[in-house]
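First chain written, first letter: the chains are A, B, C and D, and each begins at residue 1.
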Amino acid sequence: MTLAEQYQQIRKHSEHICEPLETEDYVVQPIIDVSPPKWHLGHTTWFFETFILQPFFSGYSVYNPNYNYVFNSYYETVGNRVIRTDRGNLSRPSVSEVYQYRAYVDQAMLHFLTSPISEEVSALFILGLNHEQQHQELLLTDIKYILGNNPLFPAYGKFLTRFSGAESKGNNMLSFDSGIYEIGYAGDGFCFDNELSRHQVYLQPFSISSNLVSNAEYLLFINDGGYTNFNYWHAEGWDWVNDNQIKAPMYWHNVDGNWLNYTYEGLNPLNLNEPLAHVSFYEAYAYACWKGMRLPTEFEWEVAARTLEWGTRWEWTESAYLPYPGFNKAPGAIGEYNGKFMVNQKVLRGASVVTSPNHSRISYRNFFHPHLRWQFTGIRLAR
Amino acid sequence: MTLAEQYQQIRKHSEHICEPLETEDYVVQPIIDVSPPKWHLGHTTWFFETFILQPFFSGYSVYNPNYNYVFNSYYETVGNRVIRTDRGNLSRPSVSEVYQYRAYVDQAMLHFLTSPISEEVSALFILGLNHEQQHQELLLTDIKYILGNNPLFPAYGKFLTRFSGAESKGNNMLSFDSGIYEIGYAGDGFCFDNELSRHQVYLQPFSISSNLVSNAEYLLFINDGGYTNFNYWHAEGWDWVNDNQIKAPMYWHNVDGNWLNYTYEGLNPLNLNEPLAHVSFYEAYAYACWKGMRLPTEFEWEVAARTLEWGTRWEWTESAYLPYPGFNKAPGAIGEYNGKFMVNQKVLRGASVVTSPNHSRISYRNFFHPHLRWQFTGIRLAR
Amino acid sequence: MTLAEQYQQIRKHSEHICEPLETEDYVVQPIIDVSPPKWHLGHTTWFFETFILQPFFSGYSVYNPNYNYVFNSYYETVGNRVIRTDRGNLSRPSVSEVYQYRAYVDQAMLHFLTSPISEEVSALFILGLNHEQQHQELLLTDIKYILGNNPLFPAYGKFLTRFSGAESKGNNMLSFDSGIYEIGYAGDGFCFDNELSRHQVYLQPFSISSNLVSNAEYLLFINDGGYTNFNYWHAEGWDWVNDNQIKAPMYWHNVDGNWLNYTYEGLNPLNLNEPLAHVSFYEAYAYACWKGMRLPTEFEWEVAARTLEWGTRWEWTESAYLPYPGFNKAPGAIGEYNGKFMVNQKVLRGASVVTSPNHSRISYRNFFHPHLRWQFTGIRLAR
Amino acid sequence: MTLAEQYQQIRKHSEHICEPLETEDYVVQPIIDVSPPKWHLGHTTWFFETFILQPFFSGYSVYNPNYNYVFNSYYETVGNRVIRTDRGNLSRPSVSEVYQYRAYVDQAMLHFLTSPISEEVSALFILGLNHEQQHQELLLTDIKYILGNNPLFPAYGKFLTRFSGAESKGNNMLSFDSGIYEIGYAGDGFCFDNELSRHQVYLQPFSISSNLVSNAEYLLFINDGGYTNFNYWHAEGWDWVNDNQIKAPMYWHNVDGNWLNYTYEGLNPLNLNEPLAHVSFYEAYAYACWKGMRLPTEFEWEVAARTLEWGTRWEWTESAYLPYPGFNKAPGAIGEYNGKFMVNQKVLRGASVVTSPNHSRISYRNFFHPHLRWQFTGIRLAR
């Protein structure tokens, strides 16, 4: 595929994800961690405009100077950001204006790509594509949150039912020897800065489960009083459970004694065979405690993943999100991409049913605060 | 006009107000006091469905039982209310679904009105119309807030420019004698329960300004350091100023030393001759203090209004919102209409450029918390 | 009594109130509305130093210039105030330092009073004495809060048991005719600025209860589900009940089905015959609603009090705390005494078991926010 | 030393630390992380009573059953804890009652120690002594916070001036080779559960500074605009700086252009040669960023500490506080000691001027949330 074809395919896919939405669904922001879909569509476009077209495409005329303020994210270098909570207050630019903005930038990008591009621009271009694919996952999980927290529980649609889950199979523990292992991205394709540098890590012997925890297994934890026994929880996890009256994973509803689960298809009886999703790190840790086991470190996971099946859930690890030895942040705004979040977050490994396929690589490091669970976050046990 | 014609005229006017909106504008709730326009359209419809069609129109089938939860307001008698902050999180029902709901209820209402109605139903019907007219004013002020707090400052439109203001004329003080005056609604038309019972009040001699404070006059207060001298303010007002960094009325923006003002037509130079709008009670009090005067009581206002010109601004009074002697709240849900708000609020008298004409009566009592200023609230001085 | 004798008597009484305290009890501030006892002792001293000794006693040397910051209250004119919440964080000045400060200022005051004083100083002196007496009541109620919210429930002491209550007698309604009544302070002694000017008010006919509501009567309201039926409550009162899980008056504890009540003597069985105390305005209003009656206005109360027995509870009225016609605030810092609080507060009339006897006058206006109940606040019904 | 002598020495030292205090200083809790000194004295006593005397000393009579509620900490197994914020509201038990409680428990412990004790009890006894020594450090840092945040800036006293600091000497980088190193406690004395198990870690080559950052060096960062350039900060650190208006380390005050520093001796000119103290992890990270370097990991630190001088500051590391391989929490309440805090905290290594000497060991792991800085926290750079 040419660069232009890659660009078009990825850009179109973002819009394809939004096809089932009503205009109103593009606008709201029910919690601070969820962004309005139209913001995702605008922000990924702003990335190409700001980091490629403005500096490198001579004669390019910015679509609307105010959009920098509206669609900027954390990139403090580039100007004042919108306070994230405010995104859901902005009815304008309208959805159709955002699509016009996309069309304008896409036309310019395709024009720009008719000439050869430098290595520097190429790196930014690839980063922009990967950035948009990250936002495609967020689009899907944010849409699920917006619809799944509406009292009418509207369905997103059937054509994406491959998203709803996957069967969880029988379970056994795989053992690994102690020794020095190589960790981090090794290939010559694209990776994010936080996957580098590849380095050696010494691991103690460990074993890890061949399968993700299923809904059925997690239900045993609930039924055994897991949410009411502080012994299984971190002190902060216990506060989180009590302050928020948490009694089950996100999207689970107990109606007259039956467990229902909101999926992209609507509110339906809980599928017991599916891998568990939408739990926080606190819940993952408590579940492991209750089982007398623990969560794997990200290094154990990366070693084991060479032989495991994975890819339907982001899997919480015990590891905190920290720089690898030799981590270098790029100069300027692009350098803020990952490094500035390396405190108070946990690493998740794997990929989920809504992750872009080319983001499913063994060295990929996802990260969230330990209380978050609107992503397809699951549990794999170790010991 | 027949009842059906009255009904249709008022119902259509709500939709007419929303014509200039984009779909997205119907959805957002930037602050708790502002409701999304589609909520106003649904809530006023729910009122007719719940209080008239359901109890009195035999065979009526409720449009959607979930809408009671979505569109109920404070009427605790009728079921669980939505927490007000959540209204802006609900993308569904969509705007077109809300319009369908309106059409369904309107058709039923018109059918219902083809038969004679009892006095009890008639009272509820009139209340429902007045209720919708109150929401028409809120629709217009909420829309102003939604658009006027968007960084793109979109205009609402020209065809409503009569809304933007009115000239403030020369000023003189009118004097009134002490004595016993009659206060409260006296006619045989509709009034709200809080305007009753008509009763006698003894007033000391007072004088009151023939005109509202203008933007030009208020600018003198700002330029004299009014917002930085605590002597003019209530203790709570001073905290409000400092906590919120208040430096001017809402919608005023000082850009490079020039005062701009957001109106329905967009962001434009401040019109100095217009009556001041969008100030809180705290600001009204501080301004009066600075002038060495005071705000009128609601009783003084009602007496003076028989000879004054008024009707473009809601005017803050010194009076707290309290029941009149003999105030009786109606039994059941309708009885919650006004009485339950009679604490910690101030009375405003008059009417504004966006008030329904038949809500402009001398005995009408509006009320808001002292810090609010998204209505067209102004100042008239007394002494 | 000479001025010096009056001064000494009142100053000694503040210290007498604190005699039963441990040093530690002087220091804490469990809620923002309660001040540490040592702060009261220092603040009342600071008043005499700042408003009399510094301006009028030539050669007076300020005890410690930092104390202005520590012991100032709301008097913004005089300097930066301590944020009220911080008072409970200050271990220094120590209790013995505060007593030394009192001794130093007292000696200077007594020296100062050996010479004749001007009318202006005399007014400030009388205000200072009344100010200290107001703080004596706060000392007693704040001490009750500090001890009564300690899990060990220490008693304050027996020698003040006259404070614990008073019998509530039989009950009947007294009727008053409509007409013009005189309201406000009339004598030639001291009164606060908010009791002036005396003015005429027109009242509708009303009747008022000869007695305060007793604990036994209020218990019927509780047992009838008064705290769980929103129909009796203001909207804000209902939120207050639910947000704070209010189920009974302050200091009532239901232990194994029996009602205990913390008094100055410790935690004891509830005395059913005593007049109810420690309820908020919201509770007073809800109770009146439940009885099918209402609270009196402050004007009705003042008229009726000429023939009623009163003086053991501060009685919530329906009236908001507002200036009387012709209210004038004094120039300078003293002028902030009352006017700046005239928003969002309710008037209480009467006096309580811990009020200084010479503050028990028919025109006295106390005021608190509607949710507060650490004072001896009670209920008298009207209709 | 016999066990009884060890016990007496450590117990007396806690009281020795409090000698310079006024009674009032024992009571307050200015921020949630600081506990009132009398709480520390009571809590460490409660530990011996609850975990040794009650289960193992037959015939022991609990001093006061309510104290379990008052002096319990996080040990959820043992009963309801006091919400930490409330500690500063409790004037009782008084300081002298707390000392009586200590005397009562000490007498019982000394009696108990006259007979031989089992290995299980011995382990609890040693844990209790180490627990009390940890609280001795907290006592000293909490006292510093209480006095150093009082507007009168009282000194703690001269006899502890060895606490105020230490000279910072010349600086050079020490290099270490890559390889497998042993990490964790190795001896046969006491250590905390979080120092185990000793295990192997592979380290890349690194170099580390021979000295701590001095006040003079940190001043260069401030003067270069370090607190106003977001490029040096984590996103959360940048929010922390702005939300709290942080402009310098805790206890630094810029008065008329001169830097003053509160130490145990009072408010004095900043000593430029002293090692920097009282910075948060966010500040430590930002400083390292500005220098183009980084913080060491806890493993690098432990390896380097075998040849480094250290012991006057707790040193922030890049490492998150996580369990070592094979970490086992003890069963029951004691098991809650460390494991439940292993999320969202950073490891500090070293020891400070106020640490008990026998807590200065190379494997000791201290941990705090990244925003905290009331401990003697400093910076050592690595690369």
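We take it that a contact is a pair of C-beta atoms (placed from the backbone, for glycine too) under 8 Å apart; a residue touches a chain by one contact, two chains touch by 3 or more.
Computed from a prediction, not measured in an experiment: that's the story for all the values here.
Steps from chain B to chain D, minimised over paths through touching chains, total 2. Under the contact definition stated at the top, no chain borders both chain B and chain C. Among the remaining chains, the Cα-based centre furthest from that of chain D is the centre of B. By residue number, the contact pairs of B-C overlap by more than half with those of exactly one pair in A-D, A-B or C-D, and this pair is A-D.
Each chain gets a centre from the mean of its Cα atoms; for chain A and chain D, those two points are 37 Å apart. In terms of their C-alpha centroids, the spacing between chain C and chain D amounts to 44 Å.
Measuring from the averaged C-alpha position of chain A to that of chain C gives a distance of 57 Å.
Multi-chain contact residues of chain A (touching two or more other chains) are absent. In terms of which chains touch, the assembly is arranged as a closed ring, every chain touching its two neighbours and no others.
Partner chain D is touched in their complex by these residues of chain C: 22-30, 38, 66, 69-70, 86, 88-95, 146-147, 149-152, 154. Interface residues of chain D, counted against chain A in their complex, comprise 74, 76-77, 178, 180, 199-202, 204, 230-231, 233-238, 281-282, 285, 294, 318-320, 322-323, 325-326, 340-344, 346, 370.
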